[in-house]
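Per-chain residue numbering starts at 1, and chain names A, B, C and D are given in the order in which the chains are listed.
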Amino acid sequence: MKMINPDDLSKAIKELLTEKKIDLFIGWEKGSLPLSATPLFITSEDEAERAVFDITCGNNLSIYFTKDRKQFADKKVGIAVKGCDARSVVLNTLEKQIDRANVVMVGVPCHGVLDKKKVLAKTDGREVLELIDNGDTVTLIGKGYELSIDRSEILSSSCLACIYPDAQECDIFIGDARAEVPNENRLKEIKEFEALSTEERWANTCAEYEKCIRCYACRNVCPSCYCNVCFVDQNDPGWIGNTCEFTDSMIFHVIRNLHVAGRCVECGACERACPMDINLLLLNRKVAMEVKDRFGDIAGLDINGKPAMVDFKEDEKQDFIMG
Amino acid sequence: MSEWQPRILAILCNWCSYAGADLAGVSRMQYPPNIRVVRVPCSGRVDPLFIMKSLQAGFDGVLVSGCHPGDCHYISGNYVARRKFAVLKPLLEFIGIEPNRVQFSWISAGEGERFATVVTKITEDVRKLGPSTRLVKKL
Amino acid sequence: MNMVRLDKQNLDNFIRELSAEYSVYAPGNTGGKTEFIPVESGDEIDFSRTVTDMSPKGIFFPPAEVLFEYDKDGVRAAQTSHRPIAVFGMRSCDARSLVMLDRVFGSAIQMPDDEKFQDPYWKEKYDSSLIFGFACNEPLSTCFCNWFSGGPYNRDGMDVSVVDAGDVYLMEPVSDKGIEIISKLSCLTDASEEDKALLEKMASDAESMMTAPLDVEGLGERLTALFDESIWDEISAKCVNCGACTFSCPTCHCFDMQDEGKGEKGKRVRIWDSCMLPIFTMEASGHNPRALSRDRVRQRVMHKYSYYPENYGEILCTGCGRCVMVCPVNLDIREVLKKFIAYNEQGK
Amino acid sequence: MANPYIPLQMKVQRIETEDPDRTLRTYDLTFVNESEKEAFNYLPGQFCEISILGKGESPFGIASSPTEKDYLRFTVNRTGSVTNDIHYLRNGDIIGMRGPLGNWYPVDDMKGMNVLIVGGGFAFTTLRSLLIYLLDSRDDYKDITVIYGARNPDLFIYKDEIAIWKQRDDIQFHLTIDNPVDGWTDKTGFVPTVTKEVSPGPDNAMAIVCGPPVMIKYTLPVLTELGFPDERIYTSLERRMKCGIGKCGRCNIGSKYICIDGPVFSMAELKNIPETV
């Protein structure tokens, strides 16, 4: 497993800044907690020194392009991207949210990012005070314990199914970018779920989505969710109820899934942000699988393409049509 | 006590399927009286939200029907609709909604008979499933 | 009233006895996540986390609560007859949060005696409740209760203070309600002098584990003075306004009221809301006084550390650290406050 | 214990359309339960939450004066989902109402003083309440001057009453519209400009301003310029509201809640509140 040397990243950022190719670079720095990196907006060489990339850098930084309606509209922006983040940037470009010419994408070699909830499950809820990334294994250290575990045990579910860990579209790559990486677990979870009976699936769905408290953190952290007014916030007509009533929550999640169909880059931000620990990504990935199988599209992979749901071919599989 | 009858919402496009329904009626074809029709300009107008809302409101089944591919009055509305439904249907089944509750068809203005067949089929399918409970909102 | 002890083996009996009169809530594990759940026996309790993932505010201020139901005959207040609530295992920070919330829901500072401003749904649950606090022997690195005159052994808001002392729980009543319940429960025995000495030692040990507090004296005034400064842009730059902080916070209490109705029947429900969401202040005309992320982050910080203290003399933050833990972008409120204090000290 | 979340039942008694576009309608409501009427005491400036059950609630300033005993009057601009439904109401319909909420204009402090009322658009509702209230004990107050502006002549509300007020010789009533229109004989120009022109002096005078935010924003400095001290300039603020009783946090600005500390604030108070106008 070839990890990034953070100095290479800092160096690349500094070069971009000194050569005036960018006004600002969005990257990550070490956060205040051992399990969290934090976004860093770099405008000086000193700040560039602080840039890191490791297992804690889960944030899909492309969200800052659409937050507060194009705050960087008139700036040249550099951005550090994992495979999924790069797809978000491409998608933002396709949807005319950003001008690709104003963005310098710096790819970083990704070996997955951690899910804090999975880490805590491994330590039985004990606080982690230090995390050492050894590549294939990760060492967790806390008060009175030291634990070495397989990296895969704490990775975000999005990473476990990932086939594009590295940016397929980028201007600079730190190291050697991998193309599609085969992943035998890509559809494992989905196939397992599909193998259940309708009743079992429904029972599972209910158990998961009954937890929803409608905080909308999933939507708010989603780089693909940038509507001015979300359908769930519209009140004239008020499409769906806003209380935690189960059917309303379910409809919210199903429709949100469809709204990001062909646009979801499976970065897993929603699932990691969910305070109620709902396995949101399962539905997203199912939809992504259908989009891939039926239309051959993978969101954000082709910068010359079109998002799947605004495109069509005349002779498409229509096995679901009656008669 | 009379036998339970399924209530099915049929969302039909104005130019083909609605006319197909009309033809079925004018031709005095027999089909089950379990559908309630909503006419929309085009199957492309059908937001998956409408389908979800119908299930939530207690409809036992939903039928969406538009023009055959290539026949759309607005040229490509039904192609776009087809992609939406192609994703919605497996997703609904995935979360555990019975496969036959929500169905899609293409019915042209001349296919009165097909309309009757489709309505008969979905009615029987839904009847077999029994009353819908899974996404129905209880107040 | 003296300290009493409860053998841990007797916890189950204790909970069962308490359940006879009260609906008992305690920290439980609901599929990997810890929150306060109704329990009827001791085995359902999970004390593995110092701080539960979700705060206990939901016991008294549920995420969705029916205010009233209506039909063609008129409006009826929601059914309110339920058993009094007892909470077992509420950390010092969380017990304090209830005192803070009670100031808002229990009355209005402007009209303290006016019933019109007392929230009946809160009062009905909180006033009759019994809080068994739970001292922290192992504060986390994210805990900062000592910044705001709290501490791992603080007893504000508790009726009975409980300390985990190995094989036993040492309990001491804090309020009259606490004295009454302690004298009623059968599975408790008197504590010894050694127990008392042990408790004192544990308390000072726990306090010594806390990191040095930030001096928050005058924080509210500093924030007010900095209201229009650009530092807010800097602070809020990384916030994605997901609202996870507000939903996990034990003291955030903003809510929305929504109607659920069909035909002539329906109900009005109040649900948790968040000042982080743009729609929170969006007016029907489309105008939004807090349109930018910056405005909303500022509102949250100001409300907690400036506005509320201005009204009630105490900061609306218990230092439980939940927001620090859940924030997806690691916007650590402790760092934010430090920045404000440092910014001011640069003479700006 | 009184439950402040339960709406009282009110019956629509009279509906009047105020403008040709039919976006402004005035509703007179009467209490379904007589006992609630007795207990309902309010002063000009206060507001109520009107409920359309199944849709939600919206706050509206009370446009009737407490001296008008028979009904409560509200004028509703059709903008959102609740106001839309209100516009579908008919005479005899029953709706919900919570109130009175908030504080009021300082009517007691005004006694023996000159009063300047400045209003704009359909925000004239609580100002109507105030004006009627003052006129009903006319002798308690000295000179009353009213400046009322709207974008065009159609957008004035209570046109019939305005005609009567203009006839009276014990009030100075000035109407103004933004741009000249054929046949318009009153003033033309923005409210702040007109205020500067016709306002009485600040001596022993109180100014009450209520209107759209932009009008308030530019009128307050004019009053200051004219010499009104901050303590004698009052305005009414607006924010999105839900509970109306200082709990839900929506209308919080500074350490104040508009629903209980306001909506009426003196300029002196506003100076200590961020994010106001």
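Here is the rule we use: a contact is a pair of C-beta atoms (placed from the backbone, for glycine too) under 8 Å apart; a residue touches a chain by one contact, two chains touch by 3 or more.
Bear in mind the structure is a predicted one, so any value in this text is a computation, not a measurement.
S.K.: Could you compare the number of C-beta pairs in contact for A-D with that for C-D and name the larger?
M.R.: Looking at A-D and C-D side by side, C-D shows more C-beta contacts.
S.K.: Need the CA-centroid distance for the pair chain A / chain D, whole Å please.
M.R.: About 50 Å separates the centre of chain A from that of chain D.
S.K.: Take the average of all CA coordinates in chain B, do the same for chain D, and state the distance between these two points in whole angstrom.
M.R.: That gives a centre separation of 51 Å.
S.K.: Need the CA-centroid distance for the pair chain C / chain D, whole Å please.
M.R.: Those two chain centres are 39 Å apart.
S.K.: Please compute the C-alpha centroid of chain A, do the same for chain C, then give the distance between them in whole Å.
M.R.: 31
S.K.: Which positions in chain C are in touch with at least two other chains?
M.R.: Residue numbers touching two or more other chains: 256, 258, 260-262, 266.
S.K.: Where in chain B do residues touch at least two different other chains?
M.R.: 137
S.K.: Send over the residues of chain A in touch with two or more other chains.
M.R.: Within chain A, residues 241, 245 contact more than one other chain.
S.K.: What's the complete list of touching chain pairs for this entry?
M.R.: A-B, A-C, A-D, B-C, C-D
S.K.: Tell me, which parts of chain D touch chain C in their complex?
M.R.: 1-7, 9, 51, 53-58, 79-80, 83, 96, 213, 238-240, 242-243, 245-250, 252, 254-255, 260-261, 274-275
S.K.: Quick check on the complex: what are the chain C residues that touch chain A?
M.R.: Going by the criterion above, the answer is residues 30-34, 48-50, 53-54, 63-64, 138, 140-142, 237-238, 240-244, 246-248, 256, 258, 260, 269, 271-272, 274, 276-277, 279, 292-294, 324-332, 334-335.
S.K.: Considering the complex alone, what residue numbers of chain D touch chain A?
M.R.: 55-56, 80-81, 84
S.K.: Given the complex with chain D, which residues does chain C contribute to the contact?
M.R.: By the definition above, chain C touches chain D via 67-68, 70, 74-75, 77, 104-105, 108, 110-111, 115-121, 123, 224, 227-228, 253-262, 266, 268, 270, 273, 275, 280-285, 287, 289-290, 295, 299, 302-303, 306-308, 310-311.
S.K.: Applying the document's contact rule, which stretches of chain B touch chain A when the two form their complex?
M.R.: Touch list, chain B to chain A: 48-49, 52-53, 56, 69-70, 76, 79-80, 82-99, 103-106, 114, 117-118, 121-122, 134-137.
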